[in-house]
Amino acid sequence: MFIQQLVNGIILGSIYSLIALGYTMVYGIIMLINFAHGEIYMFGAFAGMILVVFYNVPFFLAFLLAMAFAGLVGLTVEYLAYRPLRRSSRLAALISAIGASIFLQNLALLIMGARPYTFPSPFIPKVYQTSFLTISKLELIILAISFLLMFALTFFIQKTKIGKAMRAAAQDMDTASLMGINVNLIISITFLVGSALGAAAGVMVGIYFRTVTPMMGLMPGLKGFVAAVLGGIGRIPGAMLGGLLLGVAEVMAAAYISSQYRDAAAFAILILVLFFKPTGLMGSFMQEKV
Amino acid sequence: MKKYRLTMFIVLVLCMALLLTSGCSTQQAAPGTQEPEEGTVEETVDVKVGTVGPLTGGAATYGLSVSNAVQIALEEANENNEIPGVNLVQISEDSEGDWSKAANAFSKLIDQDNVNVIIGAVLSSETAAGGPIVMDGEVPTISPTSTATGLTEGNPYLFRNCLSDEVQASQLAEYAVTELGLKRFAILYTNNDYGVALKDAFEATAKEKAEVVAVEAFMDGDEHFRPQLTSIQQKEPDAVFVAGYYTEAAKIAQQAAEQAMSIQILGADGFYSPVLVEIGQDAIEGATFTAGFFSADPNPVVQSFVARYTELFGEEPDMFAAQAYDAARIVIEAMKQNGTDRQAIRDGLAETKDFPGITGLTSIDEEGDTLKEVLILKVVDGAFQRLR
Amino acid sequence: MLSAKGNDRILQVKEVTRRFGGLKAVDSVCLDIYKKEIVGLIGPNGAGKTTLFNLITGHYQPTTGSLYFKNEKIDGLRPFTITEKGIARTFQNIRLFGMMSVLENVLLGMHVRLHGGLASAVLCLPREKQEEQNAREKARELLSFVGLGNKEKEKARNLAYGEQRLLEVARALAAEPELLLLDEPAAGMNPQETMELMKLISRIRDEMEKTILLIEHDMKVVMGISERVAVLDYGKKIADGRPGEIQQNESVIRAYLGDSM
Amino acid sequence: MISTYYLQIIILAGINIIMATSLNLIVGYTGQLSIGHAAFMSLGAYASAIATLHLGFPFIAALLFGAVVAGLFGVLVGIPTLRLKGDYLAIATLGFGEIVRIIFLNLQITGGAVGLRGIPKQTTLLWVIAAAIFTLFVLRRILNSRVGRALIAIREDETAAESMGINTMYFKTLSFGVGAFFAGFGGGLFAHYFRYIHPNVFGFMRSIEHLCMVVLGGLGNMWGAMLGAVALTAIPELLRAGAEYRLLAYGAILVLMMRARPQGLLGESEQTGGSIRRKIRIFSRGADTLKKT
């Protein structure tokens, strides 16, 4: 049962990781908690569902199109709600992000209605069973896609020119712009990529849990944010680790402590980790400059 | 000093705005009432019926069902001129699923809109917050869906029209043991008043006659039930009683299938929605649950309601809609019998006896609670079939 | 003689080392400071001067070694405790409370010498009022002492640069320290302002009887007012003596002109 | 005679003024980002309700009891979490808030998921006005004292504050405790107005709403926090006319208001401060290099 629960946690955690990546990438560059990320995740899930169910688009194509669509939504939000506030206090931008989140959520509610939509799994259901572990084909695919996307992102950030520019901008935006990096473009790309990853998570959650609703972004959005902080916000490997850890912690709390206190236990672990590592698991230790 | 003046100015402007806009409240006349029937010369009086429920937020789907069903009931009454000289007007207020906002909505309906009767609220917490307000305002209120124990006690203005959690859960437990021959039960409940009441009642009855091997909880709106299901699977029960609503039930069934767990699923009236089968698909096949409403019921009233609802809103009504429709019908009946002022409606509601609703024969007891018969339904080939 | 000197010693830095990773920012430095001295601390950029300040004021903890203030061990104490004991400082990169008024900045410097707490504030005790009034008067005196008498209501961030440096000095003095640490007080000042600052520093020592340790790059200032100068290079103390001696010291000259010679 | 509905909105605005000004002490004046204010409100609400229902406290005593319980929790939570900075503190307080909510959802004495019913209605407009004035008076006294100066100094520059001899941990915890105390006070008024409490309105969205009030009004400005509280209480009610477009408009209004006045309605622009500081840093760096060569 322990191994089964561990695997349950890892699958849930891999989804949290994907959401957390969107938060952490944006945070790394403009120090903003992109509160609307959960809604972008929801938009991605809707886009995927509509393409598959109403237009019969093949699943993987729909998956990519949903990522692209959510990327564009992310860009728009950045342009309308965050860019005008880039030179303002961070809290002003945070409130603007909250406003954007409420707006997007209710926009989806108006357009799509409140009743949950079914997002049928595109794969033939199949379950693999061993004596200690049961896992379905769908879950294996979700795990594979999550890790594939995480590796692709790592490659993108580490090896490509744009990725290097992103890292430079994250280090010091002014210097980066002096070095001839178009900072606005880099921020846009960050939102594009982060939002696309959010949409990927949204589509996968859609098929995993079979439903898409306008409210689906709220809790996963919060959990993704928590995961990002847990790992050390602004740090990409941190987001991956934080997501996995949060998923496993939640599942273990439900399994071995009490399912009533599932989320409470997850948050308690978060606070405990922060108590010992005040900047998250992989956050750099900051020596205060005096 | 300048800052101070600016502050006062803005505060003043806001107050003015508040006063101005509250003058023009949102009265949407139910369609179908715009043109009075030909030949009727007599003046009609508008009687306002308020509804309160979540139209936005996570519980919006339930609130919208209620608001939609009430709209149909009022339209029908207006079309058929059921209460001569009276035109029923619906005023629908949003609670966001937040009971303090629901309390604001109740106050607004009572004081600003001057409604004669309120149908709502939807969530038990909302109705609990509204209870004292409608009692102070002496406005009869009937909740179509709030099942929390004792909600209407000691409040002569608060009624409800829903199955009692205790009754349906204990009847289901009994049926499961005697008719279905199940012996080992697990309970998976949503941690809100609805789920907790069902769990307590089911556990009590099931323990007398059989065994309850596992009790697990989840939160409203959760999507991931694998850890709970894994724990339950370990205990090898014959059946799992899911005390929650249809979306969650369908997901639980799907995720149980995901881990090769074939188990009898039991549930309560919260299961009743076409969404259950849409999302649950094969996994929900065979699930057995209690309900107050059954859309395949040959009763013509049921059929005409289902047809009209589906035509207007593009989906089949769920349990919330059915109960709200009945609640509105009971209100209309009370108006017909007693008159349309607040006190008359209250007395009419209190006297409701054997009302033939789409959710069965309904009587209201002295505490304002409903007595109804409980149906037992089963999912067979993606449709609901009546077992009892 | 020795014991007399021991009693006079206000600060003792004993074999203090501070590492940052592999780097020894301060490397077994010993330094004694005696009452009413003005001691200059010089060295090339990155020599560890500010780090030594931060070690004295408790912002950093020494990796090894210890610090004594009036024969009392102070390493391991938090900065606010050290301030309370009587060491105050200014910052190289001015750290005023920009949104607050000049007067409030000085009142903040007085924080440790005032006693008003939550209860007395809420209850408007007369004692609190009296204390606050006295504090304001004293703060105004200090402001005129450093030459900012007419600026008390302005926001600190709106002061001219040289004035901000002076305000930092006034704020540090407000804590009634026995030892005052000044981190590049003349940086960014014009020659006129620098002259006045030198006078001010002397007056602080003579009239207020403070002991002063200052970091300064401007050799005119250091050599002009210090009675003793200590030189740091790569974290090590390479010289300690009267200004005249230091100017002749070969290793100091080498440190400043670099190994390129 | 004012209608019950208006009275209710005014009372809620009054309670929100208490919530927003007390949060302003923590966020606006001390500079510590907290997203858990609703948790302290719920602690005060439940503690005072239980004091009234089970211990037979008179109203004023129940209110103070709730406030003290919330304040104590503020201190207890503050001690471990206030070491954290910025967003890490924010998320820790958010986590604490969720933990409190879930515990209340599962406890017997709080009515669990059913909520607590039958609290007597004792909060009146007069009480709320008196409570708001009391809160503002106390906060103003604190801010104009040595304690308040220390809090603002911590916001401006924590390291420099510590150098002034300010025990930053002590004062941050104090600020957190006082803020929580008044949040609990507001919670007690809330419970005794609605006569019913359920944990679900004390979730993180409520804390965020409080934060919006403070930022919208202008950080570190008590008039601003009051204005923000009144505005964000009134706007959703005004928007009731907008029916299903209500929250859509609410979200848009938040974005537009921040775009129009990023420093908040009554906040002071921080632009100049930042640029001066940056100039100084460049300047002193320049001076260094000049002398070195």
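Order as written gives the chain letters A, B, C and D; numbering starts at 1 within each chain.
Basically, a residue touches a chain if its C-beta (ideal position, glycine included) is under 8 Å from a C-beta of that chain, and two chains touch if they have at least 3 such contacts.
Every value quoted in this text rests on a predicted model; they were computed, and no experiment measured them.
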Given the touch definition stated above, what is the smallest step count connecting subunit B to subunit D? 1
Based on mean C-alpha positions, I'd like to know which chain lies farthest from subunit C. B
Sort out for me whether A-D or A-B is joined by the greater number of C-beta contact pairs. A-D
What's the distance between the Cα centroids of subunit A and subunit B, rounded to whole Å? 34
Can you work out the whole-Å distance between the CA centroids of subunit A and subunit D? 29
Distance-wise, how many Å sit between the C-alpha centres of subunit A and subunit C, to the nearest whole number? 49
Taking each chain's centre as the mean of its CA atoms, subunit B sits from subunit C at a distance in Å of 72
Indicate the residues of subunit B shared as contacts by at least two other chains. 56, 191, 219
Can you tell me which residues of subunit A touch two or more of the remaining chains? 106, 109, 260, 263, 288, 290
If a residue has to touch 2 or more other chains to count, which residues of subunit D qualify? 102, 105-106, 159, 244, 247
Per the touch rule above, subunit A residues touching subunit D in the complex are 27, 33, 80-81, 84-85, 87-89, 91-96, 98-107, 109-110, 222, 225-226, 229, 233, 260-261, 263-264, 267-268, 270-271, 274-275, 278-280, 288, 290
Contacting residues of subunit D [partner subunit C, same complex]: 138, 141-142, 144-150, 152-153, 156-157, 159-168, 174, 178, 220, 268, 272-273, 276-277, 280-281, 283-284, 287-288, 291-292
Subunit D - residues contacting subunit A, complex: 27, 33, 80-81, 83-85, 87-88, 90-92, 94-96, 98-99, 102-103, 105-106, 159, 204, 208, 211-212, 215-216, 219, 244-245, 247-248, 250-259, 262-264, 270-271
For subunit B, which residues count as touching subunit D in their complex? 3-4, 6-7, 10-11, 14, 17-18, 21-22, 24-26, 28, 55-56, 92-94, 96-101, 103-105, 107-108, 110-112, 124-125, 128-129, 131-132, 136-137, 148-149, 191-193, 195-197, 219
In the complex, the residues of subunit D that touch subunit B are 3-6, 8-9, 12, 102, 105-106, 112-115, 117, 121, 190, 194-196, 198, 200-201, 223, 226-227, 230-231, 234, 236-238, 240-241, 243-244, 246-247, 265-266
